[in-house]
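Pasting the structures in now, so scroll down.
Common to both upcoming complexes is subunit A, partnered first by subunit B, then by subunit C.
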Partner chain A sequence: MNTTDVMRSIIAILGKDVRSELRTRYAVNALLMFVVVTLSVILFSLAGETVARSVHAGLLWVVMFFAAMSGLARSFVAEEERGTTLTLQLLATPVSVYIGKLLFNTALTLLLNSFIVLLFLLFIPDFTPAQPGLFWTVVLLGGVAVSSATTIIAAIIARANTKGTLFPVLSFPILLPLLMSGISATKIAMEEQAWTSAWADLQLLGSYIVVVVTASILLFEHVWKD
Partner chain B sequence: MLTVKVASVAKHFNRRPVFADVSFEVRAGEVFGIVGRNGSGKSTLLKIIAGVLTPSRGSVAYELDGVAVPPELLFRSIGFVAPYLMLFDEFSAAENIRLFAGVRGIPCPDSAASALLERVGLPTDREDPVRAFSSGMKQRLKLAFAILHRPPVLLFDEPISNLDSDGVATVHAIIREQRERGCVIIATNDQSDIAQCDRVQAVSSGA
Partner chain C sequence: MWWKLLLFFWIAAFSAIGILTPIAGTLGDVAMMGQMGSAKEIPVKFEIADKSTAAVGADGAAFVMRGIDAQGRSADFAFASNPSDFDAATGYIVQGRYDAAAHRVIVSKVLSTNPGMTFPFIPGLEERAKIILFHVPVSWMTVIAFLVSMWYGIRYLRKKDLEDDAKSAISAGLGLLFCILATTTGSVWAKFNWGSFWNWDPRETSIFVLLLVYGAYFALRSALDIEEKRASLSAVYGILAFVTVPFFIFIMPRILPGLHPGSADDTNSGPVVSSGGMNATMRIVLYSMLLGHIVLYAWLMRLRVSVTRLAMRKADGA
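Right after this comes the complex of A and B.
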C-alpha cells in the first residue's frame, strides 16, 4: 500500500462526501438554520446597542463553535445511520477514511466560519476587527482546530451505542484549550493590541491541531473496527 | 495460492456466547459453505473472516503464496455481499461503481462500469439514485461491489436473497468462475447455494 494509493482513496472519499452533501444538503441546511437563528437571537438581545469588542469575540466563538458542534457530528453518524460504515470498512484503510472525513469537515468549517464572520461584519453594530490579518488567521486556524477535534469525537460517538449524551461530556475537556486560546487571540485581533501578543495563542492552536490529528490517526483504527 | 485459516474462533456479545471454537481452512479453488439456524452466528462468523469484527478468541489468517496478508490490507483481497451491506443511496448505480473503484484506486472508465453492470444484469442507462432501486436490483449492485476489484476471496452472506432465477444463475456463475481466481465462503441455508459448495460446516450456539 503506497502513499499514492492512500492519497487516491482519501480524495475519493472526500469527493463522495462533497457530492453527497451537494445532493442531500444533510449538514449544510442544519448549519445555515443554526447560524441564522443564533444570529437573530444575538441581534434581538443587542437591540442596536454596541458592546465591547472583547464581547464580540466571545459572541463570534459561541456561534462558530456551536454551529460546528451541531453539524460536524453528522459526518460519521450519517454513515452509521445509513449502514454504510461496513461498506467503507470494506473499501479502504481506516486512515484513508479518517483523513477523508477530516478534510471534508475542515472544508465545511472554513466555509461556515467565513459565512458567520461575513454575517457578523454585516449585521452586528461596530463589529470591526482592528487587525483583519490576525483576525482571519485566528478564524481559519480555529476552524481547522475545531474540525480536527469534532471529527474524532464524532467518530467515537457514532460508533458508541449512546449517541446523544456522550458528545458534550466527551468534547468539553478536549475542546477547552482550543476555545481558550481561540477566544483570547480573537480578542487581541479585535482590539488594537500588537500582533505579537497573540503569538502564544496561535502557537497553541497550531500545536493543538498537530496533537489532535496525530492522536486521532492512532486512535481511529480502534474506534472504527468493532 | 491462497488459503484462509480460521483457527478456534469464538465470539460472544456481552458475555452471551454466539459460537465457540470454529476451525476450518479454505484453499484456492474451493467453495465453502457455512450453514446453521437463524441466529446461529453465520453472519457474525463471516464478518470476523472479513476482518471487520474482532473475534473474542481465536484468529483468522490469510496466506497468499505462503505470505501472510496484513490485516489492514485485507479489504483488497475480499469481496463481500450481505443483506446488511448498504450502498451509497444518493448515487446512481454507475456512480456507486465509479466510487468503489475510486476509493480502491482502480481505474474505471465508463466502458468498465457498464460492463460490470451488465455482468450483474443491471441496466446501464439508469441515472436515478440507488435509493429508488428494488431490493433485487440493490442485491445485484452489491454483487458488482464484491467482484469489481477481482478479489481472491469472496464472502457471500445469503447471496441470492431477493434475486429472480436469472439473478440466482448469475450468482452461481460468479461462484463457479471464482474457483479459478481463489475461493468463496458462503453463509446460507439455501439448497441451491449449498449445491455449489465442496464442503459445508455447520455453526451452532455452543458448538
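Right after this comes the complex of A and C.
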C-alpha cells in the first residue's frame, strides 16, 4: 500500500464513522445531554455563589474529562458490538484504522469541548476568560491531547470484558499530565497573567500529543490484530 | 546461596551504618543557627587543638578547650565540667549552641568521644536527612522495575513468547511493591518534616500516578481471559504508560515548584545526587544501598520467574 491508498482509507474510515454517527446520532445526542446534565449539577451546587476564576478552570476540565470518558470509548466498542471488527481488519491497514478513528475522536472531542465552553460562557455569569485567544488554544489543544491518548485505550478496552468501568481507570493516569498542565494553562488564561507564563504548559501539551500519537501508531497493530 | 547471605548482610550493614552514623555539624553550622536567633542546640564535631591549654575558664564555672572543626576553623568549647574521658579523647561530638559575644560554643552534652564517620548537619533536616538512604533507592527501583517491565513487554510484542509476558507482569508487581514502599516511607517522613502525610507536591503526585498506572495495569490483566490477548494488551498499556511516566517523574517535578529537592523554586541544593551537592560519605552509603536494592530486585525477579516457569511447565503437562 502506498501513501495515497493509506490516505484514502483513512478518509474512508473517518467518513464511515461520521456517516454512521449522523445516521443514529447515538454518541452526539447522548454526549450533549451528558454535558447539559453535568452542567446543571454544577449550577445547582454553585447556586448563585461567586467562585474564584481558578475554580472555574478546574470545573471546566472536570466536565471535559468526564464527557470524554463517557464518549470516546464508543468508536471501538461499537465496532465490537456490531461485529464489524473483522471486516475492518480485513479491509484496512492498522495504521489507517488508528488514524481514521483518531481523527473522528478528535473531531468529536473538539465539538464537545466547544459546546461545553459555550454552555459555561452562557450560564455561568463570572466565567469570563481574560485572554480568550490563549483560552481557546488551551481548550482545543487539550481536546486533541485527550483524544490522542484515549483512542488507543478505547481500542484496548474494546477487547476486554469489563468495557465500561475500565476506560476511565486506564485513561486517568495516562491523561493526568495533560490534565494538570491543561488546568494550569486555563487558570492562566482566566486571569490577567502574562501569556508567556502558560508557555511551559503549552509545550508540555504539544510534546505529550507527539509522544502519545507516535507510541500509539507503533503499538496499535498489536492491539488491533489478534 | 553465598550471594544471598552476602546480600542480606550488605543491606543490613548499610542500613545500620545509615541509621547509626551520627549527624554532626561544623562551627559554621552552629554559628549560623546562632545568627538566625535560634536557641536550638545542634551537634558539633571537633578535634581538640591543644590539650595542654584546656583549663577551667575565666568565668570559673566552665571547662574550656580549643577545638578545630572539619573545615579547619577553630573556637573555644565551654563544657560545664571536665569530661571524665578527657585524657583519652582527641575529639568530641557535642551538643551545643554558639555564644557570639564570647566566641565560644556552650556545650550542654557530650554525644560521642573520638567520633568516626559522620554525616553533615543540614538545617531543617538534621537526623531526618537520612531518609535519602532508604527512600531514594526504593524510588529508583520503582522506575527501574517498571522500565524492565516495559522492556519485557516490548520483547513479548516482538517474539510472542508468553514467558516474556510473565516476566513483564512480575517486574511490574515488584515495581508496585517498591512504589508502595517509596510512598509510605516518604509519607511518614513528610508528616515529621513537612507537617502532613500528604502535600500534593509534584513528586508525591507523580508517585500517586505511578500507583494508579500499575493498579490499572493489573486491573486490565484481570479483565482479560485469553492469555495471548492479555499479554499483548497489557504490554501495549505498559509501554503507553511508561512513555507518559517521564512527564511525571522527570519533567513535572523540575518545572513546578514543590517541596522535594530539585523543584523549580529550590534555591539551595538542586537535584541532590546529580548536582554533586551531596556529602561524599553519604553518597557512598546511598550507592551501596542502591546496589543492594538492585541485587535484591534481581533475586526476587529470578525467584518469581522460576516459580512461574515451573507453573507453566506443570500446566503444559510436561
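Methods note: the second predicted complex is superposed on the first by the 224 of 226 C-alpha atoms of A that agree within 3 Å, B and C clash if a C-alpha of one lies under 4 Å from a C-alpha of the other, contacts with A are read in each partner's own complex, and residues count from 1 in each chain.
To be clear about the criterion, a residue touches a chain if its C-beta (ideal position, glycine included) is under 8 Å from a C-beta of that chain, and two chains touch if they have at least 3 such contacts.
Quick caveat: nothing in here was measured; it's all calculated off a predicted structure.
Engineer: On the A-aligned overlay, A:Leu43 touches which partner chain: subunit B = first, subunit C = second, or both, or neither?
Structural biologist: neither
Engineer: Look at A:Arg23 in the shared chain and tell me whether it touches subunit B only, subunit C only, both, or neither; answer first, second, both or neither.
Structural biologist: Only subunit B is touched by A:Arg23; subunit C is not.
Engineer: With both complexes superposed on chain A, which partner does A:Gly15 reach: first (subunit B), second (subunit C), both or neither?
Structural biologist: first
Engineer: In the overlay, answer first, second, both or neither for which of subunit B and subunit C A:Thr87 touches.
Structural biologist: Only subunit B is touched by A:Thr87; subunit C is not.
Engineer: Thinking of the overlay built on chain A, is A:Asp226 touched by subunit B (first), by subunit C (second), by both, or by neither?
Structural biologist: both
Engineer: Which of the two partners, first being subunit B and second being subunit C, lies in contact with A:Arg159: first, second, both, or neither?
Structural biologist: A:Arg159: touches subunit C, not subunit B.
Engineer: Who does A:Ala215 touch here: subunit B (first), subunit C (second), both, or neither?
Structural biologist: A:Ala215 contacts subunit C only, not subunit B.
Engineer: Please indicate which partner A:Ile174 is in contact with in the superposed arrangement: first for subunit B, second for subunit C, both, or neither.
Structural biologist: Second partner only, subunit C.
Engineer: Hey, what residues of subunit A end up touching subunit B and subunit C alike?
Structural biologist: 226
Engineer: Which residues of subunit A touch subunit C in their complex?
Structural biologist: Residues 149, 152-153, 156-157, 159-162, 166, 169-170, 172-174, 176-177, 180, 200, 204, 208, 211-212, 215-216, 219, 222-223, 226.
Engineer: For a test of understanding, state which residues of subunit A touch subunit B in their complex under the given definition.
Structural biologist: Residues 1, 4-5, 8-9, 11-13, 15-16, 19-20, 23-24, 82-84, 86-87, 89-94, 96, 221, 225-226.
Engineer: Please give the residue numbers of subunit C that touch subunit A in the complex, ascending.
Structural biologist: 157, 205, 209-210, 212-213, 215-216, 219-220, 223-225, 228-229, 232-233, 235-237, 239-241, 243-244, 247-248, 251-252, 255
Engineer: Using the touch definition from the top, list the residues of subunit B that touch subunit A in their complex.
Structural biologist: 47, 50-54, 72-73, 75, 78, 80, 82, 84-91, 99-100, 102-105, 145
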